[in-house]
Amino acid sequence: MKRIGMLTSGGDCQALNATMRGVVKGLTNLYKKDVEIYGFLQGYRGLMRDEYKLLKSEDFSGILTKGGTILGSSRQPFKQMGIPTEDGIDKVPAMIDTYKKHKLDCLVVLGGNGSQKTANLLSENGLNVIGLPKTIDNDLWGTDMTFGFQSAVDIATEAIDCIHTTASSHNRIFIVEVMGHKVGWITLHAGIAGGADIILLPEIPYDIKKVCDALDKRTEQGKGFSILAVAEGAISKEVAKLPKKERKKIIAERKYPSVAYEIAEQIRDYSGKEVRVTVPGHTQRGGSPDPFDRVLSSRFGAYAAELIKKQEYGQLVVLKGSEVTSIPLSESAGKLKYVSPDDDIVHDARLLGISFGD
Amino acid sequence: MKRIGMLTSGGDCQALNATMRGVVKGLTNLYKKDVEIYGFLQGYRGLMRDEYKLLKSEDFSGILTKGGTILGSSRQPFKQMGIPTEDGIDKVPAMIDTYKKHKLDCLVVLGGNGSQKTANLLSENGLNVIGLPKTIDNDLWGTDMTFGFQSAVDIATEAIDCIHTTASSHNRIFIVEVMGHKVGWITLHAGIAGGADIILLPEIPYDIKKVCDALDKRTEQGKGFSILAVAEGAISKEVAKLPKKERKKIIAERKYPSVAYEIAEQIRDYSGKEVRVTVPGHTQRGGSPDPFDRVLSSRFGAYAAELIKKQEYGQLVVLKGSEVTSIPLSESAGKLKYVSPDDDIVHDARLLGISFGD
Amino acid sequence: MKRIGMLTSGGDCQALNATMRGVVKGLTNLYKKDVEIYGFLQGYRGLMRDEYKLLKSEDFSGILTKGGTILGSSRQPFKQMGIPTEDGIDKVPAMIDTYKKHKLDCLVVLGGNGSQKTANLLSENGLNVIGLPKTIDNDLWGTDMTFGFQSAVDIATEAIDCIHTTASSHNRIFIVEVMGHKVGWITLHAGIAGGADIILLPEIPYDIKKVCDALDKRTEQGKGFSILAVAEGAISKEVAKLPKKERKKIIAERKYPSVAYEIAEQIRDYSGKEVRVTVPGHTQRGGSPDPFDRVLSSRFGAYAAELIKKQEYGQLVVLKGSEVTSIPLSESAGKLKYVSPDDDIVHDARLLGISFGD
Amino acid sequence: MKRIGMLTSGGDCQALNATMRGVVKGLTNLYKKDVEIYGFLQGYRGLMRDEYKLLKSEDFSGILTKGGTILGSSRQPFKQMGIPTEDGIDKVPAMIDTYKKHKLDCLVVLGGNGSQKTANLLSENGLNVIGLPKTIDNDLWGTDMTFGFQSAVDIATEAIDCIHTTASSHNRIFIVEVMGHKVGWITLHAGIAGGADIILLPEIPYDIKKVCDALDKRTEQGKGFSILAVAEGAISKEVAKLPKKERKKIIAERKYPSVAYEIAEQIRDYSGKEVRVTVPGHTQRGGSPDPFDRVLSSRFGAYAAELIKKQEYGQLVVLKGSEVTSIPLSESAGKLKYVSPDDDIVHDARLLGISFGD
């Protein structure tokens, strides 16, 4: 009898359930009935506190299209429990205890950057761990694509699409704020897909003058309206230059609930132009996974099952080109995949006439 | 040769183009080629300034599904042009001049409450006018349904659907802010359709204690998450009680860009609970009309063409039950259709367990 | 303790679960915990065979948006069990026995025309029965709208939308076959909503010459493509004239799996024009209910709960205009609501330039 | 002044307009106003007959999301014009003449396998040609992804999703016929994404016994329903073994309009099980491109503009992993990219419990 633990950690996203279904379908095929699935509740918290449910294959029936996670999730369990992430040292023993108590053969962790860092820590402490690259942000180092990303892009793009018709009817300027505090992948893709005129990313600090120049250029071309796709973490050149501490302070003390309102004000102040703001927010991580994510996550899940069968642990399942494969958890841990101003896709976007306000 | 003027006025919405297509297809059928369509640009502004394009039936090909308006629109032209709406008296002659200059047989106005008031004014001044009930808000007095409403409900509901999966995965409280400054129809319908737990409307002022009680009740029932559908114009009982002037002042001085953030803060202050906010905003008036709106607006348009043929002017096309008919513009002008706390649908919503925080 | 039986009968559709959720939420509110729900499986079959599950309110959590029915359904149980529907006399006692055995206070039947006829039969035999008007076909006599209808229209319209772009790119003629063997409501609404050029309905027999004339007229107007929305039960004038028996024979012996292929051949034979066929089929009854249906069915469900509370049995919940109300089951039983060639909406469709091939 | 010809050839698909918009935006950026676009109508036919329109950048405004092609398309122009494709020799001079007459600097061809073969022929005859990989089938040799493919997968998946709810409510077997006469990529992806139980592809001939075994296995597992995703070109082992000529004859003489109906009959004959059929057909190439395709095709278009700027002709723009690049047209011409039974994704699908009926 194989005993497999599984948990979903960090911000939820589309295709978490689809991925777990893939793992369990794969395991069921490889081990027939000879496998037990321990689903730990609310991410690592369930592992620390030994809170779980035993899952049967029926539990995975019909969840391919279901958003969210049937196991629940939680963010930053170390921090939440009063202990800083960095030295999660006391918590690790608790998790190891749970693992050993149930004589698990492997722990499957569906999570993003922070969660895979913890997964690697557990792996280094001797547990058999497989990571699966979850995040709408697509910022996990080592994989071309994370599951959840494309579905999030779909929702952000749909928001831009809707804004397009109203913006063009009224000759207005609109900002659509897209998820992404540290990285701009969703904004970049949704911006291109939605036909945004200006895209502002955390990785490419903007100059409000350049942004307004781009708006003026639109007007000169006879285009009465403009759409900005702005990442949550968009940042001006002045602020980006500051030391980290000061930067954080400025952001924390922002008078608006999110950056889009601030940029709207900056545009108004600089150019006198009225700007309207839309914040689709958490809708971007909700709803059904799109077909792309369902195929990707099903394949990721099946691949994880095979790694378990082959006892290749300490691995993160990844996509390279169109191939599903894996890399050591340690290789990815702690690294983020940022948009680079030199990326081909940024170059292509500029060719399409999109301004990055830089 | 019949000469028909047409304009779209006020905030844009879905199915404006579909409605105009209906009018023009109807006219083309009734008058064969013997009809000329003057499309005035940017709403009443185009009529005042004699800015228009002559439209051919090709211009209406393929626009059934297209959001926005091919004629452009503008809000409150009287106010914008420096003259208060109430005494639009100087502007009316200009519009009458344009009408007479082109020897128009009828002016077709697609607009909401304010726009139909102006349409009625023009009608009272001797022009032949037909109104078509446009608005996502469904607040036009005299019709069971305006076009745009159902499509706006769809988008707001989709936002709530997406929030549902993420809210339930993380056991969180979410506010989805839905369009509607004065009336709560979209919020009410989208709230029911999206399975919201609490619905806050302009017409039913809330008590933050009652809101928090409803949240507590959810927790007691073992439901870890809650969703609030909150109209832009949601208002607390304290503020609702104030004289209009004071109320407006409070709203104008609100420190947040919209009400949802304020209510989130009130909940946090009162109960200590964290609340997240989503503002789909103008997406609700964008994108393609849904099939319901396309049928409704096509029928509205065809009916308007028949009214013209029968020379029955001064009418607003409306839906009564499932019948398309018309009422005098004067009957609707200046009246809003509010949600009443005694409406059956509010009663039904309460039966479904939805709290209105009152 | 109230004991309520519930079943879903006939072809499935969207919003069955949403309606049941409405009933149960309503009952829970009215009776607090003092109510037991017996969910009979596979429609009337479960009632005959006493196959059911006791449902808790958790079972209704999250099913507002879920297509299909958590109770399962079956078509024509009388016929399937070897006994013709007409004299279901032996089966009725079995159903009454089950009802009495569990001391039910009421049986709630979600079903279409045939199912409500049986509901009425049970009511006449002394059971307390409430009917809820389910069917994508919208052909239930006595209600302006059934739940499922608008969602089916959405899917059929989406199919026509997709066909539009490919038809116009290639200057082709396309038939989209829409559900509806006896009545044409879905085809009529989806046809108008999708901008079909020709609509063929069971209630308005077509003349293939007139169909081809309409196609020629499109060509003359310089329109390179045409789209036909054709109901499953579309019928030519020649066949419609025949006695019922002969008509049925001809339809049964049709060499194609469905009518669209046959009409495509008739057009080819008569005019030499190539026609392509799309059959979205059962997709039209699947997937999530749209927001319109969710509101309608939630209200229907809540209303049914109130009828139970008021002990007003033998009623079918219906929509009249925008009011949810009820009529005696006996009033609706056995009657279908057909499209009439004189209906306003047919008149409007003709005004829009749509041909019915008649 | 640069003079660029452009045409869309073969079956239409999503993102044709988006790709052309990318090319034109790219050219406008690289050459400023110094570029003229000749849009040849109805594919190669327009080039042969010198039928075109001069396109301005306004023509490309708002078409990012528009399905179909603003230039029109035609299939197999050589064959249609009475001359077999193989020796299109007379037609090539006509196309070269048009090219030279307008002193074109480059011809941009958006097309699939056959169209790129012709593009290569023109290139070999001295014209400057750039190919862009269009096809929903994803069967173009040399690129990981064609534009149109993912959008087609979305629509096919949506059909399977809808069928899921109805199949499970009624315990039925359903076939969804997916586009793909020669290759099974759409069926394979949509089958996995839609959670199909059985996938039948042209490249993996099926044995009806094995198909029925897989259905029986579902029943044994207590699953009352099954869904088959079947490619248009699905083929049984017996027929696949026959010489090409005989095989073609059998397919041509098939009594049903498409393969799904035939397989439904085979299952019924072999196992007595009733099977229902859905044929979404051409809907799969219609409607708006999804965000994935919009990004891909925009980048493809921009890349083509750069190739022109760099005078690197005779190239097909392709995707390798996540990099947009190009290969010589001659490398791809005449080769199809088939699904192989040994592909990882087929292996993964089997792991997920999907049967290929082989």
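Here the chain labels run A, B, C and D in written order, and each chain numbers its own residues starting at 1.
FYI, a contact is a pair of C-beta atoms (placed from the backbone, for glycine too) under 8 Å apart; a residue touches a chain by one contact, two chains touch by 3 or more.
Please read all numbers here as calculations on a predicted model, not as lab measurements.
Seen from the Cα centre of chain D, the chain whose own Cα centre is farthest off is B. As a whole-number value, the distance joining the C-alpha centres of chain B and chain D reads 42 Å. In this assembly, the C-alpha centroid of chain A lies 31 Å from the C-alpha centroid of chain D. Each chain gets a centre from the mean of its Cα atoms; for chain C and chain D, those two points are 35 Å apart. Of all residues in chain A, those that touch two or more other chains are 161, 168. By the definition of touch given earlier, these chain pairs are in contact: A-B, A-D, B-C, C-D. By the touch rule above, chain B contacts chain A in their complex via residues 8, 11-12, 14, 16, 66-69, 72-75, 155, 158-159, 161-171, 174, 255-257, 261, 276-287. Chain D meets chain A in the complex at residues 22, 25-26, 28-30, 62, 64-65, 144-145, 150, 153-154, 157, 161, 168, 189-190, 192-195, 290-292, 294-295, 298-299, 301-303, 305-306, 320-324, 344-345, 348, 350-353.
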